[in-house]
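By letter and in written order, the chains are A, B, C and D; residue numbering begins at 1 in each of them.
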Amino acid sequence: MIGNSIGNRLVLTSFGESHGKVVGAVLDGCPAGLELDEKDIQKMLDQRRPGQSILATQRKEGDIVEIISGVFRGFTTGAPISMIIKNSDQKSNDYENLRTQLRPGHSDYPAMIKYNKFNDHRGGGRFSGRLTATHVMGGAIARKLLKITLDVETNSFTQQIGKIKMEKNFEKKMIKEIYKNEVRCPDANTSKKMKDEILKARKKGDTLGGIIQSITTNVPVGLGEPIFNSLESDLSKAMFAIPSVKGIEFGSGFQGSELFGSENNDLFIMKKGKIETKTNNSGGILGGISNGMPITMRIAFKPVSSIAQKQQTVDIKTKKQSILQVKGRHDPCVLPRAPPVVDSLVALTIADHALISGKIKATL
Amino acid sequence: MIGNSIGNRLVLTSFGESHGKVVGAVLDGCPAGLELDEKDIQKMLDQRRPGQSILATQRKEGDIVEIISGVFRGFTTGAPISMIIKNSDQKSNDYENLRTQLRPGHSDYPAMIKYNKFNDHRGGGRFSGRLTATHVMGGAIARKLLKITLDVETNSFTQQIGKIKMEKNFEKKMIKEIYKNEVRCPDANTSKKMKDEILKARKKGDTLGGIIQSITTNVPVGLGEPIFNSLESDLSKAMFAIPSVKGIEFGSGFQGSELFGSENNDLFIMKKGKIETKTNNSGGILGGISNGMPITMRIAFKPVSSIAQKQQTVDIKTKKQSILQVKGRHDPCVLPRAPPVVDSLVALTIADHALISGKIKATL
Amino acid sequence: MIGNSIGNRLVLTSFGESHGKVVGAVLDGCPAGLELDEKDIQKMLDQRRPGQSILATQRKEGDIVEIISGVFRGFTTGAPISMIIKNSDQKSNDYENLRTQLRPGHSDYPAMIKYNKFNDHRGGGRFSGRLTATHVMGGAIARKLLKITLDVETNSFTQQIGKIKMEKNFEKKMIKEIYKNEVRCPDANTSKKMKDEILKARKKGDTLGGIIQSITTNVPVGLGEPIFNSLESDLSKAMFAIPSVKGIEFGSGFQGSELFGSENNDLFIMKKGKIETKTNNSGGILGGISNGMPITMRIAFKPVSSIAQKQQTVDIKTKKQSILQVKGRHDPCVLPRAPPVVDSLVALTIADHALISGKIKATL
Amino acid sequence: MIGNSIGNRLVLTSFGESHGKVVGAVLDGCPAGLELDEKDIQKMLDQRRPGQSILATQRKEGDIVEIISGVFRGFTTGAPISMIIKNSDQKSNDYENLRTQLRPGHSDYPAMIKYNKFNDHRGGGRFSGRLTATHVMGGAIARKLLKITLDVETNSFTQQIGKIKMEKNFEKKMIKEIYKNEVRCPDANTSKKMKDEILKARKKGDTLGGIIQSITTNVPVGLGEPIFNSLESDLSKAMFAIPSVKGIEFGSGFQGSELFGSENNDLFIMKKGKIETKTNNSGGILGGISNGMPITMRIAFKPVSSIAQKQQTVDIKTKKQSILQVKGRHDPCVLPRAPPVVDSLVALTIADHALISGKIKATL
């Protein structure tokens, strides 16, 4: 497979371009017998559209998903499930001047070289954050499948935007708070500060990055196929399919590297007749395999590359220095839109492994 | 593929166990016509064996690699290259008491559940760090292939052990310093401190983690297959195949998340007639594709899980709390052994992509 | 990958159902820079619709293909090319009584068991011959790619229907005769007999099978990856993705099994400074690799399973014997529609291998 | 994957050369908990060595298999099972003159072009029939796995050699007769004629081909993943990994193409409370999925290419016509050695599908 598909047993294929006719996805390998309609997917797609106040972008994506195969009388059939969203509100002209001026932080330059100028550059083409809608199309199905078959739940939230961090530890009861604010941070106090930070950056024509935390609970013990399809390998591979992601860590991650073994080891305990660990520095994964504790990840997003400020760059045609001013509609910060995308890719990966190991049956 | 193979066009399959007869690897897809003999591989394998003073382990691995197929008259033939190292010095009895007492931080528990007690637990079995020798077998070949065909060079070094960090920025001329000391840190001053830190931890029966930095130069523009086989996706997937790795970041990574777009964007410049970027916060990858700048990664290793101190745990047979004292021979810190493993997996991933995109020919 | 995708470097994913909203395909891995529009595909799709006189089916499929991604300003971009055909003329009620009465020769029974009754049975669902339109969508692109880059041409024709055989040997000049008659047999005399045979069978409420011969010329020496991705392995795998195919042979095939080695061996000769073979009993493939001679295959199709005559069967609900009379619109013989499908799957397979071996570049 | 691996969930990787140090295999994805030792594999390997009287070859292969990973205390562990056979009796000098004179029917020519003369030509290298021992190594395990978990049995026999056919229909009770004679034909009368035919051909310095029939019983309903991983697709792909195979058919195959639908359709009947079909023209596969009836295939082998007679050919160095006389030790007919190889590849394919669909558990 060559770039636009992910998964071994449950395979998502993504297609479409930001300013083309559609963005779409095919999910192959989903068991027959899952009750499914567009609403299951639409709900998560809608969560990609946060409050308008914090977004520079005025593009009304609509993002109405249509299932065009694989579902019959309200249930999946075992055939590939294909879905599309029609693109309606493209303003390609905004992007025309980008054809030769390389945008810092964007894929323009390597994509031009790689595809010998045949690349569809409009609105970022295949490289647009808009394509994460295709991850959500498949991920919403995987997430429902996991919930129904194994009671697995995956959630994520904005833990940091720029230098503003949520200091409180995440607890399960916070889940319902995540989508109550525009930045998707479950702590009301922090979310307010984050929003201010975004508005401030936007005013300066600047952008912000941040960190998403992901927590997946009720994962059965034993998922993951070491050595090369460890859960960490496959989850990280999936996460880096999100534009702007530049780092990932599981459990105590980079900070754990500074601890002693005696501090970082999670001691095993019996809890209500079940084997658990006292702490969860491993992020729920030992030896690449789930150990039954929550799977926890932190994912680092770089600040949005499209800034309104003028930037020095090179014109690839003239091979000369030039000054670029990016137009078009851009988010000052993508973090608020990221949680459903992260949840989708986590769900796809975990469901893939649950199918491989037989924890989810080939037909329900 | 189900866990023990990695790569699309250049595929490494790993086999063997820590205390079995052999550890070995098959590399499929290597072009015919690469000059190769055991010495090319042995050299990198030997670098996995650092100075004895900092290691608790007295196991003399020897690690003499033998190529058993795929090479004829000193050149690769295009057939799969298979290699083995015979295991000679196993002391399995040391591990017998681990069968039921779960070792904190190890895969014992999920592996027992997953493989229903059929798992070969001796010396960690498939989960042992020893298996990284199989990555090096394949990686040494990929690294030579990259050097000869594209002049690509990949190197890595110990940037941090516990809380001891190398503060200097890495420069190309430091490469030759890396293997001059036992901890594989190119800065003499820092390396001395790191060694002391390891000896101190070892004395306390404790262990340390740390961070490896990897730099790959001369990568042609255009490697990487977005969306799901981006260079970042495939490199991170490969890195998490190393036991103890719990985090990875490219370029400015987690720290970049705190910057503004105007700070983190790498401006394009002309340099000696070539397009480059002024900074390299992207770590040489834009939109999942190489941009010609050095590919830089930082990889976080947790502290070694096998500590000499007593630890609280659970006996899986009795389902009761118990006290564990891990015996056997263990490293107080694996970082000094990690650079050749990191280099191997980077080389395998980059060479795979160079073959996919035709930058390396199918036959030399 | 789990059933609905084929290829390693050039991957076709098929989706849709006979009586669903669409049938469609995604082609991933096609090089950027191929000039392409719907007409290139439509032409081959139209060849799937032979003359109405020999077909019982009155279904007007229309089969208007729409490219919905991967093409920009008339050229492929390197992104996945997705295509759909909207289904317009479904009469699902005709099939309703098939839900419990198992149709002999059809997938009803194993599909019901496999998918636990969630299978979309309407018009055969995923198992309908209609799905071969998705092979043609991708195949038309691969065929154009092969022609433009390597001058490879692949053609096939009806060599036998029922017991009526074309006795003449196929010659290159016959190619232009193939589509001049309704049965796609380049010999006018035989084609007339074949048509009569079909009309006769149809009158009796019966159906016919037959044999398609495929010839691919100008294939470069050296395509095919032994042992398990030999050209024969991958071509045969592709052919059996066509409903009704039950046999395949290369070169002298089954008949060659009765010859002596001295009779069947193709002697090497020099011809116009080029190495060729005197005969082509190998069908252009030696050791799984193309040898530069035309690749020749014969593909056996069973007679159409849907006959108008009454048949004994079992009702899966009552588990009792019953009498079935298949309604709906069916072809008395699918051979006349098969050549573009065979050509498509041959082209996809050969193009995949040409990309793997670097004979076609990753970007044109 | 690029040629030397087969399977999705149960993956066999083959390595080694005819005259290299070893031939070997890695089987990945075999469930933990299968009782296994070398004897299970050796038995099938020994069946590849038929009676010496009918074989020209005096090479004593020995073929002693050694399991070098993946088995612990007599049971598979879930880790990759690797196996080797050391090559002991190579006489490479016999083959030296083949380096430039192209042997008709062999891979010499395309392999030289493909691998740019780096190919290991000794004894056929990777293209030697000897490599089928690697299929048997993996296949013997898959066959045992199928028998123990699902009571699936796969057997094959020599149905035709040259023009000598076994006319009797195969019945289950004949299985125990297959290995009672040197040609592996269960009918004593026919087997005698076949042996005579082989001896006669050998005397003339000529060779024979023939047909193997394969029957697999007790296959559960529902194996196979349409469209592109149909059972027929995957079985045929596997069969063409055997050197000399040039054709395959399922059920009534090529002959079925000449029948009417009313003749070829298998009518459903109730038999002892079970749904079966009256006839088995489909070869146990409908719509690419097993229907519970025996899976039957016929596989056509071309006559052995290495004949003792002089043949006209081309010298690739001088580009001139020349006369070749093949030396070395060769079989006049490979059919007698083929049944265990066919059984192995059938077992690998069926077991792969049984794992994909969950009919065999990931851990026993």
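The rule we apply is simple: a contact is a pair of C-beta atoms (placed from the backbone, for glycine too) under 8 Å apart; a residue touches a chain by one contact, two chains touch by 3 or more.
Predicted model, so just to flag it, every value in this text is computed and none were measured.
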item: Farthest chain relative to chain B (centres taken as mean CA coordinates); value: C
item: Contact-pair overlap exceeding half with A-C, pair selected from B-D, A-B or A-D; value: B-D
item: Computed distance of Cα centres, chain D from chain C, in Å; value: 26
item: Distance between chain centroids, defined by C-alpha means - chain B, chain C (Å); value: 46
item: Per-residue overlap in chain C, given as positions that touch at least 2 other chains; value: 1-5, 8-9, 14, 114, 126, 356-357
item: Interface residues, chain D side, partner chain C - complex; value: 1-6, 8, 14, 102, 104-111, 113-114, 126-127, 131, 160, 162-163, 201, 206-211, 221-222, 224-230, 232-234, 236-241, 243, 245-254, 256-270, 273, 275, 277, 281-283, 286-292, 300-307, 309, 311-314, 316, 319-321, 356-357
item: For the chain C and chain B complex, residues of the former touching the latter; value: 8-9, 356-358, 361-362
item: For the chain B and chain D complex, residues of the former touching the latter; value: 1-5, 8-11, 13-17, 20-24, 26, 28-29, 32-33, 68-70, 72, 75-82, 84, 114-116, 118-120, 122, 125-126, 363-364
